[in-house]
Amino acid sequence: MTDISQNTPGPEGSHAGSLLQQSDRTRKRNAAERRFRGYGIAAITVGLLMLAVLVFTIVSRGTGAFQQTFITLDVELLESKLDKSGTRDLDAIKKVTTFGYAPLIKNAVQAKVVELGIETDLKAKAMAGILSKNAAAQLRAYVLENPDQIGETVTFRFLASSRVDGYLKGRVSRDSIVNDKSISPAQLDLVDALVTAGVAAKTFNLDFITGADASDARPEAAGMGVSMMGSLFMMLVVLALALPIGVAASIYLEEFAPKNWLTDVIEVNISNLAAVPSIVFGILGLAVFINYMHLPMSAPLVGGLVLTLMTLPTVIISTRASLKSVPPSIRDAALGVGASRMQAVFHHVLPLAAPGILTGTIIGLAQALGETAPLLLIGMVGFIASNAPETLADGLLAPNSAMPAQIYEWAKRADPAFYERAWGGIIILLIFLVTMNTVAVILRRRFERRW
Amino acid sequence: AAARDQVQVAGSSTVLPYASIVAEAFGENFDFPTPVVESGGSSAGLKRFCEGVGENTIDVANASRRIKEKEIKACAENGVTDIIEVQIGYDGIVFANDIKGNAFEYTPTDWFLALSDEILVDGKMVANPNKTWADVNSAFPAQNIQAFIPGTKHGTREVFEDKVILAGCEATGAFEHLLEHAEGDSDKAKKKAAEKACISLRTDGKSVDIDGDYTETLARIESNKDGIGVFGLAFYENNTDKLQVATMSGVVPTTESIAEGEYPVSRPLFFYVKKAHIGVIPGLKEYAEFFVADEVAGPDGPLAEYGLVADPELSKTQAVVSEEEVIGGNS
Amino acid sequence: MNLMTALDKDVQTQKTKIAAKNVNVYYGESHAIKDVNVEIEDNTVTAFIGPSGCGKSTFLRCLNRMNDTIDICRVTGDISIDGEDIYDSRVDPVQLRAKVGMVFQKPNPFPKSIYDNVAYGPRIHGLAANKAELDEIVEKSLRRGAIWDEVKDRLDAPGTGLSGGQQQRLCIARAVATEPEVLLMDEPCSALDPIATAQIEELIDELRNSYSVVIVTHSMQQAARVSQKTAFFHLGNLVEFGATGQIFTNPEDPRTESYITGRIG
Amino acid sequence: MNLMTALDKDVQTQKTKIAAKNVNVYYGESHAIKDVNVEIEDNTVTAFIGPSGCGKSTFLRCLNRMNDTIDICRVTGDISIDGEDIYDSRVDPVQLRAKVGMVFQKPNPFPKSIYDNVAYGPRIHGLAANKAELDEIVEKSLRRGAIWDEVKDRLDAPGTGLSGGQQQRLCIARAVATEPEVLLMDEPCSALDPIATAQIEELIDELRNSYSVVIVTHSMQQAARVSQKTAFFHLGNLVEFGATGQIFTNPEDPRTESYITGRIG
Amino acid sequence: MPTVWLVIALLALSGLGFVLGRNRALASAGGNAKALHSLPAYYGHNVAFSALVPALAVLAIWSLAQPMVIENRVSAMIPAELVPENSTLGLVMSDVRRLAEGLDLAVEQGVLSPTDARNLDSGETDIRARLGEIGVALGSDVRPEVLTAAQSYRSLANKGQIIMSVIVGLLAMVGFAWAYGRTHKDFRARNVVEQGIMALLILAASLAILTTVGIVFSMLFESINFFGLHAWSDFFFGTTWAPNFRGDSDLSILPLLWGTLYISAIALLVAVPVGLFAAIYLSEYASGTTRAFAKPLLEILAGIPTIVYGLFALLTVGPLLVKFFGQGEDGILGVEWMSGATSVLTAGLVMGIMLIPFVSSLSDDIINAVPQAMRDGSLGLGATKSETIRQVVMPAALPGIVGAVLLAASRAIGETMIVVMGAGAIAKFSLNPLESMTTITTRIVSQLTGDTDFASPETLVAFALGLTLFVLTLGLNVLALYIVRKYREQYD
């Protein structure tokens, strides 16, 4: 025996030396170990640091969107303007368009200015310019709801225009508006006076979270709510289809399919689908779901179907990888007591593979939630300001947008106020994502075990 | 399949803001649902427009250029024959740089000399040697040339090439020179080759194609103060706190100067309506009429306020819509 | 206890339960079982002995088609149980395996609770009408597996957290819980102490009353103690098969003899 | 071969290699090893015997800190090797495990080729200067593991495609290839036939010349044959520890006696 | 909504089938479950599925087919004169449909009685206005022919609905009866049910094939059109990519392919090491709590919209790189290698960050699934943890890790926003990672959403690019499959 220890070269003193003293080789190996571990920590740190930077950027730019400036005014709903005939006939009242409501608003601002004794050389139209264009629509909607109020004076809380809002948020300053045609220093003076009088104030804006998109002319009125519903319904479709179909396909391919060229083709095919640019799925969706199957355009159902096709490869690849990693002895054990292969898979293998399946689902859904390109072709990107859906069918079929599409649209718009809303929208998207993931993450932890 | 009850619009992202302002007001003032206005580009919009007639196709295509003959033909092949062309106004294209930077007064020549791949020096075409704007025009400061121009996907690029680069090419005499030395069987082919040579831009990083939107151009200027970008007028007007606009051939771009034809760089904007859908899709005709109504598209309307250069001949357009006049004759 | 005691056990002939004819098994290129013919009788304990790597486990796995799960494994020849060819395409391997239970060489408990490990088989075969009956089956099986006392207080603990020998007995309990007609046991006592071994051997003897048991073992003594028939494998060949007494006292083949006499353990 | 032959082997006292004092091990709540004190000598084979589940493997794993890998496992007390506390914070478990090798109860070959399985240890410890030397180490180790002849033609085949007993011997070969000073073997012959067992026992005897070997076994005969010292565990307690001869012929504790005499295998 | 009721009835029937089937099986075995071939529940499932699945399938097919049949029948009734020139029958039919649905809705809401609805006269009532009241907008006033068509549409639909209900109901009964009749203690219910499940599994797997076929077909025709307009030799072997509005553009895939490979390679160079080390740390070193938090946190990186990454590249990473590699004397390294913020490196780095969780999370799961016995075996030989991981755990986890990396690579190839904003839009061959380049995918998106005439090669090239990319990645995947097959190590 001794001959062996003599034969063996150098560092084998290592076994012989004191345990409390590391041999040279051990020290070297431990250094490698520490480096390796260090790489791990560094990797995590890099990842988390980047996340922190991104989240910080998002939050610092986006929180402003959750507040909005409102101006409270008393508007006299003049019969002469709104219902000349005086019959309160709804059809007649409807004939007055929002343009017809502008004078009422002008009057209301002017009245307020006079009431508060603010001095200004502004014309009434310019004074009303500090209000959002949404004001007239708000007024008209109110009158159509309550025709009996015509002739009365009603108190309204109007949105301020985006420049005014930006002024109160510090985005707009007197220096920055030198060349701006939409607002003048005199208007800002007026705003200052209104703020002092407590008529104009910045408050939390629930409409941003629940409302629908607004046109480029009124960023202050735009909200994420409806597109959030769009995303929600799409995610429901994706979850309801991609997870079961993906898992079923993986089970077949990994556990049952004979190993031959055909299944190889399918396998390669599926990984290849993952590399197909997402917009191509949009092309497919347009061709199959809209042109061929005549499903409605801009519908979350179609969006969900397209995203399902896009997510499937992710779910399948991760599910197959986890199924593969379950030791064969588990299957043997089950088969050995007379379980069918189906039973062995569903009772034993699948639960053990669940963490990986859930990871695939988390990543797939995250990807689907943030995807815009395929939606472009099936009509979910653009200006889609529908009402919030009321029923499931409505939610699936009525035209709607999605959160990333909404954010993408906002980020392109000219008014810088939309820029803030885009970041605010990203905050909402991330909260949505984290909420969605939490369930899966908790589930995944319950399934994790080593054997 | 349930019947569709809202107007479905798709196409140009340049027209999108205007269309969405109209759609929003339309939804507020009419009993019809708010039309859906998709973005995705003029070409994609027209393509879907031309896919056929029926509920699963769009009713209106927005475009920042006129529909092409080939497209009309493709449309017809799919049964889309009666197309109403509606010109809504003009889009001004402006050159702007950082508000704190130098002010510029350009001519097309300056841009040609700054960005062209090759310029005419002493009767020969040589690789563009200009590094700063001072090299281009001694009246300019010695600021590095860094232009952010629309990528080849954008219609704006075509306008930029035609109205600025090509104009500059001709003004410097380079075009003539190129035409002389051009290869080709016919005059037409020669002209084409010369034009192609004119508009080929340098690829050494001085000229950067922007594939995204004006917000991206703006972001690039913010991160590179030397940058000069090409913007839509409406975009510039909303961002006067960050950008200063340059004059072109001595004219300041405004809605008025463009409407009067003084400012050279602009392009018409359109939307196309599928006549077959009128009377079938609820609110389609009303939408089209509302779009071009005086109180909407007129010089004092919300569109002009937002930056659209109103069409001086709006009444003609209104007639086209109410008469449902289609391209290539009446029906 | 001495080897001889086993040899004068009565060796009465029973009806054939499993008949294997010209069985060959290949792992890819390599020929692991060579032309084996054997008849395993009902109500009999058959021992497979032979040097490590000679193909005992491989052959055992053929008997309930567990080899199906190994991709590269190919089986030829006929194996029939109660006269029915088990490799017939109409045969449902699941039903076969419910009938022919197996205890694997390497203990492989499910990563589930001890209770669920044992209850799994009865559940999928519907052997218990209700929870109480299932509890009963589990307890009975664990008792038969000689492990009840050690685990009765921790039936909810994972089966993978048991000691090696405990896992082995758990797997035995799991196998008997489904009441198979034939039980294949691949070295069931390899990790057991003498007392536990004795208990398992008792179990085997008890099982013989109603079932047929095939056991792979390296212990000649064990083979002699529990089996009525013995098969000796060598390099993939079935060298000799016969009554245990005869094999141990009067082997026909010289290889058998040298293996038996070279015995130490 | 009979038990007695082993008992008159010379039991000379060697210097203490491993000393365990008041060792307690807990798996979560459950107390698996209770206050064990033992001294394992150099150049000696020490056998751990005791009923299944009594804590042999657990205690064995304490000796090279393999218990560290089980989350819920907690060890208290002192264990020292050559007078150095192995649970000292300065001790590097890696160096410790290089010095104290281990063969696990369940064979666990790596999913690599047979060659790589054996070469793995020498490679990480830098025992071979070149390929030729490594080849030599691998061959020698496989020979010592009594498996060379069976695998020499398929060194590139995966270690996981071996039979149970072959895997076990591969794991033994893998452990001896790193030349540890102490070798802990948890039932190294459980899946081996008598001839292979004899070869492994020979190896153990040979190893004793330079090293210290601890072996867990369920076979009293094996313990008597190969060990000089024997420790008997029961329910987590070290009931008795002493010269093998004395333990087997004249146990002090009644529990030891009843275990030994209740022996069967 | 009678269809809903029909479905509910079917579900109820199949629920009943479950109970009855189960009971009958038990009864046939004299109440002794052990005498059954399969578990009692399988008999229940068999009856339930037999009652439900064919009926539901017919219901689905019928629901899809009925409108088409009715449409055909009704449109045959519409006189050709009624179809305005240049319109189509289809459009008139949508009018008919909308009117029919409006009338149904009116009846449902009680605005019209069923008889009134049936006897409407377009001359007498202003149907458009009445329907307008309940929120159904019609495009134009109702013509009598359209009204007649709509009425027959309604009656046909009604009839169809009734016939369908009967047929589906009958089918469910038959399925029920058949399966129920077969239910006997020796009936191999489990096998039958499992065959059914297997059919579903196969169906799910074939969906992937269908998708592929769909993708290929949706791009094939336009690609053929493209090659009709543009020389294939230029597309495959040319060296310039320069689309322009005048036509006659250079449209070669090669510079795009180069950009794609370059940017993806850099992204993977970031994501794979970081992701793998993160996975290793999480599964092998980190404490339970660290892992519980760090892993989901990293996963958020995959869900941040790519536009944010794009802006991050443009506004933060790009300028930072310029500070290092650009700006000449003023820069940190004092070199002038980089002229703008957009570069291959910018996009690659940022994309790499986005891809970290693709590698880390999945690999972590796979590494975690490697049996502890493997680690013990290695540690027991005196290997350090890192040696164990590198030489034992990772090879065993290889197939899964390759899968994760492939997923990340796929995503890198398919990404647009980050490339557009981070790498620029210039197609060129260059080895310098500090220059702008672009990728195939971004060109697909940009040509597809651009302003060039949609029938021109400049737009159609998008389809050719898509198809070629599809074939290229297919090759890549075949390679990956081959590698995994070759190096796979199976534990146990």
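Think of it as A, B, C, D and E in the order they're written, each chain with its own count starting at 1.
Everything that follows uses one rule, which is that a residue touches a chain if its C-beta (ideal position, glycine included) is under 8 Å from a C-beta of that chain, and two chains touch if they have at least 3 such contacts.
Which chain is which protein? Per UniProt: A = Phosphate transport system permease protein PstA; C, D = Phosphate import ATP-binding protein PstB; E = Phosphate transport system permease protein.
Everything numeric in this text was worked out from a predicted model, so none of it was measured.
When you average the Cα atoms of each chain and compare centres, the chain farthest from chain D turns out to be B. Closest to the middle of the protein, by Cα centroid, lies chain E. Centre-to-centre spacing of chain C and chain D amounts to 28 Å, using the average Cα coordinate of each chain. Centre-to-centre separation between chain D and chain E, using Cα means, comes to 56 Å. Chain A and chain E have Cα centroids separated by 18 Å.
Between the Cα centres of chain A and chain D there is a gap of 59 Å. Among all residues of chain D, those that touch two or more other chains are 94-96, 98-99, 106, 124-125, 180.
Multi-chain contact residues of chain E, defined as those touching 2 or more other chains: 190, 311, 372, 384, 387, 448-449, 490-492.
Residue positions of chain A touching 2 or more other chains: 29-30, 33, 328-329, 340, 352, 376-377, 411, 451.
Chains touching one another, given as pairs, are A-B, A-C, A-D, A-E, B-E, C-D, C-E, D-E. Residues 29-30, 32-33, 36-37, 39-44, 46-48, 50-51, 53-55, 57-58, 244-246, 248-249, 251-253, 256-257, 264, 266-281, 283-284, 287-288, 309, 312-314, 316-318, 320-322, 324-329, 340, 342, 352-353, 355-356, 359-360, 362-363, 366-367, 369-370, 372-373, 376-377, 404, 407-408, 411, 422, 426, 429-430, 433-434, 437-438, 441, 445, 448, 450-451 of chain A are the ones that touch chain E when the two sit in their complex.
Interface of chain A with chain B (complex): residues 94, 97-99, 133, 137, 140-141, 172, 175-182, 214-218, 286, 290-291, 294-298, 376-377, 379-386, 397, 399, 409, 411-416, 419. The part of chain B that touches chain E in the complex is made up of residues 1-5, 12, 31-33, 40-44, 46-47, 50, 53-55, 64-65, 68, 70-71, 73-74, 79, 81-82, 146, 151-155, 157-158, 161, 192, 195-196, 199-200, 203-206, 208-212, 216, 219-220, 222-224, 275-284, 331. On the side of chain C, the complex with chain E involves touching residues 92, 94-95, 124-127, 129.
The touching residues of chain D, counted against chain C in their complex, run 1, 27, 30, 49-53, 57-58, 105-107, 150, 161-166, 168-169, 186-187, 189-198, 218-222, 259, 262-265.
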